[in-house]
Each structure stands twice: as structure tokens, then as C-alpha cells.
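The structure under discussion appears below in the form of C-alpha cells.
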Amino acid sequence: MSGDHHHEPSFIRKYVFSVDHKVIGVQYGITALSFLFLGFCLMMLMRWQLAYPGEKMPYIGNIFGEAAMPGGVMLPEFYNSLGAMHGTIMIFLGVVPLLVGAFGNYVMPLQIGAPDMAFPKLNMMSYWVYFVGGVVMITSFFVPGGAANSGWTSYPPLSDIATAGQTWWLFGMVCLITSSLLGSVNFIVTIIQLRVEGLTMFRLPFFVWAQLITSFLLLLAFPPLEAAGVLQLMDRLAGTSFFLPEGLVVSGVLQTQISGGGSPLLWQHLFWFLAHPEVYVLILPALGIVAEVIANNTRKPLWGYRAMIYSTIFLGFMSFIVWAHHMFMTGMGTKISAFFATTTMIISIPSVVILTALVISLYQGAIRFTVPMLFALAFLPMFAIGGLTGLPLGLPAADIHLHDTYYVIGHFHYVVAPGTIFAIFAGIYFWYPKVTGRMLNSTLGYIHFFFSFIFINIVFMPMFWQGMAGVSRRLYNQTVYAHGDAVQSLTVMSSWGAWMLGLAQIPFIINFFISRFAGKKVSNNPWHATTLEWLAPSPPPHGNFETVPVVYRGPYEYSVPGASEDFNPQHVTTEACSSVS
Amino acid sequence: MSAEVLPYTIKPHPVTGLYNGKFGVWLFLASEVMLFGALFSTYIFLRIGAPETGPAAWPSGEETHLSWKIGGLNTLILILSSVTMVLAWVQFKMDNFGKGRLYLAITAILAIAFVAIKFKFEYAHKFHMDIVPSTSVFFAIYYTMTGLHALHIIGGVVVICYFIGPGAKLWDQNREYYTNRIECTGLYWHFVDLVWIFLFPILYLL
Amino acid sequence: MNRSRIIGIAAALLVGVCLIAPSIVLGQTEAPAVSGNAIDGDYGYGLPPMVSKDGQRVDDLIIIVHWFMSALFMGWAIFFVYCLMRFRARAGHKAAYDPIKAKVSKYSEIGVAAFEAFLLIGLSMPIWAATKSEPPPETEATHVRVVAEQFQWNFHYPGADGKFGKTAADLVDTVDNPLGLDPNDPAAEDDVYATELHLPVNKPVICDLTSKDVIHSFSLTVMRVKQDVIPGMRIPVWFTPVKEGRYEVACAQLCGNNHYSMRAEMVIEDDASFATWLEEVGIVEEFDEDELD
Amino acid sequence: MKLSMFTLAAAVAINTFVYTPTQCMADGQNTITGKIIFKGDPDAYKRTKINTSKDPNCKKSKKTIGSEQVIINKKSDPMTLRNVVVSIKEGLGKKAFPVSKEQLTITQFGCQYVPHVLAGQAGQELRILNGDDTNHNIHFLPEVNDQYNFTQPKKDTEVGKVITLKAEDPFKVKCDVHPWMNCFMAIFEHPFFDVTDKEGTYTLAGMDDGKYTIEAWHEEFGKVTAEVEVSGGKAANQDLTFEPKP
Amino acid sequence: MSDAHADVSKHVKAYIAVFATLAVLTIITVWASTWHLSHPMAIAVALAIASVKATLVAMIFMHLKWEKAGNIWFVIVLTVFFFVVLVSIPALMHSDRPLGTVFSSWG
């Protein structure tokens, strides 16, 4: 060990199988952004079929092969594959790895002043298991019958009798879950154990708190889905009937090879036991990013920092006992539905608290409209719309009409698309200078923001009207129904919005790659921020900090009266802050 | 390298009283509880939902063809291995490397015996009788739960053998680090034992 | 980048969108509906037509919730926009360090919680209880078994004796016996099978939902009725149609490749027409062989 | 793959009126011909009109369609059966036969499969056409072959994949969207098979001299067999009889 | 982890005692299954014994008895709570169904 210190590690050890949390964070980031882009492309294909059902796709219709799109016209099975894989890729391969794997991995240890994650090798393994999971998912597009086509929720019995792609999906999911579990153990231990001196729990940046709660959610909610995945694999490969009742007649053929005795609802329980906390996995780190950016750009402390933390803890806790509100329509009686509707209403309160705290934080601030701030600000109303539209879905009686309609799609996309993904953009614009030592170009950033903001609303706003009109989700062609045909024009509008939204990402992609080499070079702390990551050099070296910092104050000490600057970094002593330099 | 740089890898954190590995293992066990929890939930859900009569009815004790003798023997073996595991840790703690290693070896042998009995006298016997996972929901659960448990045992054996063999070098470099790792392995091992304590009655006796 | 440029870009964008959006909405051709039968009711951007006795309660709840949501959002948004304009960074403006004492937020949160409690306990739960645990009297109701399969709704009427014949999975034949009716059961003799759901107007209906294969969802948009159809279970739903006409039955849960084709039609008619239909639907006409050749 | 109307109409017409499974040129000289006789009450097996009201688009291709399970030619005496697969079951030994190059087609027209019973040789290519202005889903339910499941949402299209099948006893193929729609496929290792036409006759040609067991299969009445000996290029005649129990 | 060597060696007796108890409890469980108790009672007895055994393993072998770290206790309590939720609520939902629900598709 002694002689190794000065030895420069080989390229592979440094960039491929690296144990440095920053390299792993960047690996996660690049991979997850690629998946995010892929998931977006799948959606743009689907939008063609939705807007112009049964028409030949122009220009690119012929490249998908006769099995998926004969003559350039999408087949329902391919449409269903796209739908299922869009959901899976976006959630499990795109957003969660970005929020937790990339931002969490890169920023969190810096924010707590740690030299690395607690278990660096585990961290590397977590990335590579995720990578394998991603490869498995992508490969599944090329197996006979195409990728999984039973929806991202994979409800059996449909998924039990589906094509081979479903088996690949399950293997991929088992990999992704394992990766998340490894990651979450690492995160919790790191946050609890490796904080520097003086950094008490209530001096942690809100982002770190969000990561901590998220990790607990991943740790405790993911294993049931892993178990469910194993059970479904058993159903598919060993012929068991965990999710299959007796007397199934598929396509007119009595299924005699299965024993029966299982229940399709079992999967839904185990799935939603994960998937509801998963919603908070998608949103909490995003809230963390937004809180960081807002505090920094309002130049004042977050309002209700502690209330936000308590709300987050409460959210995390409650998210485990609301899952059956996804199952109101599965034949649930009054008592249980009342229980879950009540917990659902209760869980809306801490969300309101957090949102209120963030918007009150703007009051009496000095708001700098930087690019990350614009994304963070846009996040607030978008998240508000997403959250509010959850209300009618959480009331069982209103859910009767809205369940499984476009209203649901609009609701959760408002939470995760203009919500979480805007927060991700905010994070990218905010921490890019830390990672690369260079700023992203802000003109391109503004263009990216305004176009994205407008078009993303054109995509998702019409869905509420479609849902109100009663149009079911996951329909290959909604015009077969009178109520669907009546609102087809909204679908067309939504589709055009989606394609324009795709175009709006071009400035970002250009910016992302060009600025790496041509961006303006910056100092350690270009945003004049207070948290510890801005103490480390940009980009931080292996081991992060030249000297181990000591923390003297809370995370958001901006505009302190009597201080020489409008920000007092956590690691600077009080005397140094007030002395005029 | 990183192990030396990172704080609290070996010594416990002054405030939390834990070294990283131990906390990590406990968190990992928490996720394992939820993993097996989902399977227990499956067991209960399907058992409650099973019809009273008919082919999908829950099998009674005799119909399961599970021998409480073999199950009970395996229970004892696993409990014994838990004891030897914890004794191994005591020996390392008291600086008796040789004895500690012996106890580790006994643990590994007992674990292998458990798996061998499981495969030879239970799985092989059942496959011979044409009882496979698809036979009924009960056997689906039986094979899945015990199979997953057996995988955990095999994983544990691999880790224990590693610490008897190549991993033992660490003892010479840093005794406390090595003992810590044995403690973590032990925690995992006792958890596997604990799962079996529940599996045995629900599958063999009820 | 100076502020005037930002404002310029934003304005240009807004104008662009104002031009694009209507052209998208107006510039499209009407896609031809696949269905051959005219569906009654006026469908548009709002809630679809409502033709059941109790559906109005669901609608009312949805509307109240949306007013509440709008009010909340508007209040919130006004404050948000005010902050953005009033507290933007500019020369001579400095952020205040001390947090404001905002009682308003606490009161509004309590208000929100109270109103949510009212929505849940006062409105939602009674509707749900009525929908799930207060079935109409068996004697007055029209009873139908709905058997879902990929990708078809089968409707099973008990016939004159009011009793459903026994069904069994191993008797199912897609052409001859789609319901799996037991030919030895006397109750099965007069049972009626149909692929269209006909119901008499102004009489409560009980539909027992079962599925042969995967999970479907029985969705009668105009009745404000939706219920997942789970294989291995028979779940009842009930409603009272109040307006004659031809409507649609949809599947609302992804059930396979042709999920979107899983559509049936529902006809609400007066008692006499219903009785006639019930008698006639079972009659099979002989096929004139020469027609084929 | 977009089809021209002509291709499709031709496919339907050929399959409806002059469909005989293509015989590959086997090198033998002998032929077996015969009739499939129906002994029973034809009134018990009347054809019925199929109610296609579920999908009004079916009528666009064809106004009325009738059931096809049992089609009896009542005009001939004795009465004969249509859509019976006749093939050689035993007696060919281990001889391998070249696969016919000709393609099989099955067309969905008027929400019915044309032909209703399709016989072919293992390895022969099969094309699946849709002539209806509606969505069809052709679902194979074999045991040996793959359970293909293709969706065809558009009129005048062909399934993108040309499939080949392995030898298998007659199996059902059905449409999951139109539950009344089904047909049967019988695939053989050898080229000695036929499906009876509306006169109820069949021809097997090209066998070497020898003693053969021939088998007739009908979807409703099952199987009957007979032994035939052929030699010297003479056409042997062998009728088979189905006699359903009343 | 600050136990001195002497402390640890004191544990050994506890370990052996626990092993004996576990072995005896195993035998009792098997014996109890021959009592022909009513079904719910049999389940209760078996699970009660299993819980006692599990507690012993956790407290003694896994050193929870001597564990002072609050974090571990926090994780355990949290996990046990969610475990109970996961195991009980799906089962409970079985009993609360709309009036007239039947658990069979056929008949």
C-alpha cells in the first residue's frame, strides 16, 4: 500500500473500474443521460402513432424492421413495447440513476466533506451492476417478440404469458434493484459516518437529507420488488403459479400446465409497495437540488429548513403505507380504501409544507435569474400542478372516473418531467462548473430553458382534458372510441409539443459537449455558495479536499447582517467572515 | 488505499459508536428482512386466499412430503453453526487466531452439511417423486423460499472460506480490521439462521 | 447576457407558440372513426355525457376538487409571481437574512388539510361506500355476468328463469361455447350469450365481472363506472342507466397487443325492446350455402 | 408490407375457389384418389350465419359469413365432407422429400380465414395477408411449432415475417379480436397430403410402389384411417367415411 | 466494540446457554405440532416459539443485548415496522371486498 500512493493508476483503473466517487458519479451521469435520451426517443415514436394512428411514419418508418413496423406503420406490439420500455428506462435507468447515482454520488460526499464514499468498491460494483441491467434492457429489444410489452408495471397474468422480452426485463430489473440496494447502503453509511467535524445533522444541506431519506426508501422498498421479480421469473421459467389463479383460459385454451392457486393481486401489492416509495425516490432528491439552487440564488437562508426536513422524513415514512391507492379499482372494499385514501391525503400535507417553504424562501430574497435558478423556479409550479392533480386521483370516488386515464399520465408526468427532470437540468447547470471547472454557456441555457418550459406544458397540459374526457391510457389508437375520437386533436397537439420539446434539447446537448472544452473557466466557487462542495477545487482531485474542512454553521448562511460578503461558507470561521478583505 | 484514507473503516465513530462495515451490514440485513418479508407476505397472502377444497387447496402436513426430521436436523445444524461462528469471533477477539480459524472451518463444514442435506435428501428426493415447483403453489413457495435461503447459505460459505483462506492475510496486517470483518460475516450468518428459524415451522410443521 | 435580451427571446417564443398551438389544433384532419354504429351523446373536451343515476355524484366531486385545486394554485401562483417580480436581484436590493414570520402558511396548510378531510370523509367515502357495499335489491335489478377475455367482452344473461347456468373453464370453446356453460345444467338452457351489452333503462343493473385470462378493466365512461376485472375473482358493480341510447364499453387496463380493440357497445333501451332483443339475440340464422360459393 | 388489391383479391379467390394444396414433384408414379363420405344426419350440422356485429368493419369485405366447422355436400350421393385433411400416415419409411418452393398463403377476409383448413409441407413458406379494414390478430396455437402471434391493424397488408412451420398434427389458429375466427393448419414432413374440396374429393400423387396407411382428419369428427396398396402407376381409389354418433 | 477480552470471554457461556435453549425450543416446536391444536392456535404457538428463538439469536449472537448504537436500533425498529406492514396489509385486504365478491371466475 505504501508505494502505491504516487503510482498513477492505469487508464482502466482510473476511468473504467474506478473507485473514486466522482468518476463513478460522472459514469452514472453520462450513462443515465444517454438512457434518458433513449427513453425520450421511444416516447417520440409513440407520439407519432398516437397522433396519426395507422399512418406511415415519415423518414424513419422503415428502419425498425418488418417485425415492428411493417411498411413504416407501427404495430400494437411494438407500441406496447415502447410504452413499457419508455417507463422502465425513464424511471429505473434514467431518472433514479441520475438523481441518486450521479448527483448523489458526486455531490453528497463533497457536501459532507468526505474524501469518498464509505465503501468505494461497493460503489463501483453498484455502477457496473446498473450498467449490466441497462445492457440487458436494451438487448431485450432484439429478442424475438421484442422488448417487454406488458407496461412498466408488468401486471401478471399478462406478463406471465408475454413474450421472451419480459424475462429479459425481469433479469434487468433484478440487476437494477441490486445496484440500488448496494448504492443505498453506501449512501446511508457515508452520510451517517463520514460527515466532517462540526457538520451536525441539522447543518446538512437539504440535498444530503433528501439523499438520506431516499436511500432509506430504496433500501426498504426495493427488496419486495426483487422478491416479486424472482417470483415472476419462477412463474415464467419454472412454471409456477404465484400470480395465476385456477382455470385460466388463454386464447380459448385451458391452461392445464399450471397448478393455479396464485393471485394476480399479489404482484400488484409487492410492486406498488416499491413503486409508491419510488415516486418519492424520484422527487425527493429533485427537491434537494431545487432547495440548493433556490437558497443560492435568492441569497437568503431557506425558509423553514427544519420543517422541510421533518416533512421529508414524514414523507418518506408515509410513502410506505399509501401504496394501495394505485389499486382502488381492483375490487377494494370501503374500509381499506378509506384507510389508504386517508394516508394519501395525509401524505399530501408534507408536500404542501415543502412547496410552501420553498416559495416563501423567495420572499425578501434577491433573486438571481441564472439558468439553474430558472429551472428550479419552473420546477415549483410544475410540481404544484403535478401534486394538486394527485388529489382527485387519491379520492377513491373521483378515481372511479379518472383511474387509468390520461389524467393519471398528466399527473405523474407533471411530477417527474417538468418536475424532476427540470430539477435535474437545474442540477446539471449548477454543478457542471464543479465537475468540469468550466461554466455552461448561459445563452444556450436560456434558450434551452424557455423552449423546454413552453413545450413541455404543451405536451402534458392537454392530457388532463383527455383524461377528463375518459380516454384510457396505453391505447394504441384512441379514435376507436367516441370519447377518444372527440379529443384526438389534443393528442395531436401533445405530439407536436413532444417533438418540439425534442428540438429544444439540441442547445443543451451542444452546450453540454462544447462547454466541456470551450466553457468559461471558473474558480472553486463561481456561484458564491456556502456548502462544502464549493471549497474543493473544480474539478476536485482524488480525495476531494486538500485539508479536511471543519464546519462552523448551517448550510444556507446568505446575507448575514454584518458579514463582509453576502454568503458565509460553512467552513469559514465567524471571525474570517466578518473581517473585511 | 481508500481503506486507509477513509475514516472509521476500522475504528468506531466516536458519536455513532459504529465502524462503517458494521453499520453497512445492518442496513444490508434490513433490506434482507424486506426481501424475505415479501416472501413471507406471499406465503400468508396465498395461504389465506387458498380455497378450502380442490386441487389448489393448501396441502396438509402429510401431503407436503416434508420430513420434520430432516428439517429439524438442519435447524440444529444451522443453530450450531451460528454458535461456532460467534465463538470464532470471540477467539479472534482474544487474539487466538488458530482457534478462531478452526471455529470458522467448523462453521463452514456445518453450512456445507446443511446444504448437502437440503439438496441430497430433500430436493433430490422430491424431484425423484416428481414434485417440482410447478406442482402446486405450496411447492412453488417451498422451493423459492428454501432455494433463496440456500443461496444465502452458499454465499455465506464462500465468504467464510475466503476468510479462512486468502482473506486471512489481513490478520497479519491489521487484526482489528480482520476481527471486524468476521463480526460482519457473523451478523449476516446469524441472520440467515434467523430466517431458517421461521422457515422451518411455516413450511415443515404448519 | 442582459435582461432585455432574455425578455426579447421570451417574447418571441410566446408569440411563436401562440401561432403554433392553434395551427396544430385547427390544422389537422379528422381521423375516421373505426366504429360503424353511431354512438350517442355529445363528446368533447370536458367530462363525457353522463347517463346514470348516481354518476352525478362522482362528477360533482371531480368538479369541486378542481375548483379547490384551481383556487389553491392561483393563490400560490400569484404569490410566486409577485416574489419573482418584487425580489429580483438589482442594484441596491439586498436579501433579508431573518425569516419572515409567516402565519399565513400555517393557516393555509391547516385549511388545506381540513378541506381535504372534508372531501374525503364528506364526499368521497359515502360515494365509495354506496358503490361498493349497497347493491340494489336482487329482485329489481337486471343481472348480467360480464366475462372478459383477450380481446372481447362477453355478456351472459340468465334468461327467463333468472338463474345463471354453471360454467367451467374446461368447457370453453371460442366458437361454440365462449362462456363455458355446462350443457347438463338445466339453468343453463335459457341463458343468453351476447357480445353487445343491452340494458333496460331506469332499472338498476348488477354486472358480475370475471376474466378468463388476464386483468381487464370494465369501463363504462358514460355511467362513471370502472372496475378492474381480475382473473380468479368475480367482482360485482352496479349502476342505473337513465337515458336510452347506444354507448361504449371500454377496457381500461392494458390487456395485450390488441387492448385498444377491446371495445363493445352498450345499448340502453326501454323494457319492451330489451325483452325483444333478449329473445332474438340467441337465435342463429341458417347460412345459405350458395352464398359462399 | 403494403399489398396491391390485386394480389390480395387473387389470393382470396384462389384460396376460395381453386384451393388445392400444392403437391411437390415426388418421383413416384402412383396416385390415390377418393372421396370423404359423410354418413349421418346433415341437419344436425347445419351451417349458421355468424354474428359479426361486434365489429361492423367485417361487413365491408363480405356481407354474410357462415360457420365452417362442418360443410357437407348434400347434393352428392353419398354425401361428402369438405375441409378434410387426407395424408399418408405410414408406409413412407425414412425417405426425405424436397420441400416445395411454392408459398402458402392465408388471408383474413370478411373476418374469416381463407382457406379454413390449410395443409402444407414442413419448411414451406407461409404468408399471412389481411384484406379487412380492421385489426386482426392471428394467433397460432400449436404444440410443436412456435405460438406465433401477429397483429395486423391495417387493410391490405401482409405480416412482415414470412414464416415456415415444422411438421405437426392439425392445430388451431385463431384471431383474438374476432373470437369466431379460426382455422386449422396441418403440416407434414412429406408432400402426400390434400384437403378435400367442396365435392369432397382428394388426390395424393407421386408415391412409390408400396403399402400405405392413409389418414383423414376433420376438425369436428376426428380421424379415420385406411390401408391402400399401390403399384405400377395405377390410380388407386380409396374412400373414407366419417360416421358421427348421433 | 470497546469490550475488553475478559468481557468477550464471559459471553461464551451465554452463547452455549442460548444454543441449548434454541435446541430445546426446536424440539418443543416439533413436539407442539403433534398436539393437534386448532389451526390458528397451532400457527400462534409455532410463530411464538420461532419469535422467541429469533429474539435470542438477535439479542445474543448478534450482540444486540450489548448494542448501544442508536442507529442500529433505529434501523431495526423501522425495518420491523415496515415488515409488519408488508406482511399484514395485503393479507388484511383479502377480507375487505365489495359485497358479493366471489373468489372464483367459474361456477
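A, B, C, D and E are the chain letters, set down in written order, and residue numbers restart from 1 in every chain.
In the analysis below, a contact is a pair of C-beta atoms (placed from the backbone, for glycine too) under 8 Å apart; a residue touches a chain by one contact, two chains touch by 3 or more.
Nothing here was measured: the structure is a model prediction, and the numbers come from that model.
Shared contacts of subunit A and subunit B, meaning chains that touch the two of them, come down to E. Any chain that touches subunit C and also touches subunit D is listed here: A.
Ranked by separation of Cα centres from subunit E, the top chain is D. Ranking all chains by how far their C-alpha centres lie from the centre of subunit C, first place goes to B. Distance from each chain's C-alpha mean to the overall C-alpha mean is smallest for A.
Of the two chain pairs examined here, A-E and A-C, it is A-C that is joined by more C-beta pairs in contact.
One simple way to say how far apart two chains are is to compare their mean CA positions; for subunit B and subunit C this gives 49 Å.
Here the CA centre of subunit A is 54 Å from the CA centre of subunit D. Per-chain CA centroids place subunit D at a distance of 64 Å from subunit E.
Computed from the mean C-alpha positions, the centre of subunit B lies at a distance of 15 Å from the centre of subunit E.
Shown for subunit B are the residues in touch with two or more other chains, namely 16, 18, 23, 27, 30, 34, 37-38, 41, 45, 49, 51. For subunit A, the set of residues touching two or more other chains reads 75-77, 192, 220, 224, 245-247, 251-252, 263, 265-266, 269, 273, 331-334, 476-477. Residues of subunit D found to touch two or more other chains are 135, 149, 151, 174, 176, 179. Every pair of chains in contact is given here: A-B, A-C, A-D, A-E, B-E, C-D, C-E. Subunit C meets subunit A in the complex at residues 1, 3, 6, 9-10, 13-14, 17, 20-21, 24-25, 28, 30-35, 39, 41, 43-48, 57-59, 61-62, 65-66, 68-69, 72-73, 76-77, 79-80, 83-84, 87-90, 93-97, 99-100, 102, 105, 108-109, 112-113, 116-117, 119-120, 123-125, 127-129, 131-133, 149-150, 168-170, 172-174, 180, 212-215, 217, 219, 221, 224-228, 230-233, 235, 248, 250-261, 263.
On subunit B, the positions that touch subunit A within their shared complex are 1-2, 4-9, 13, 16, 18, 20, 23-24, 27-28, 30-32, 34-39, 41-42, 45-46, 49-51, 54-56, 132-137, 140-141, 143-144, 148. Residues 12, 16-19, 22-23, 26-27, 30, 33-34, 37-38, 40-41, 44-45, 48-49, 51, 61, 68, 72, 75-76, 79-80, 82-83, 85-87, 90, 93-95, 180, 186-187, 190-191, 193-194, 197-198, 200-202, 205-206 of subunit B are the ones touching subunit E in the complex.
Of all residues in subunit E, only 71, 78-79, 82, 85-86, 89-90, 92-93, 96-98, 101, 104-106 touch subunit A in the complex they form.
Across the complex, subunit D is touched by residues 54, 65-67, 70-71, 73, 75-77, 251-253, 476-477 of subunit A.
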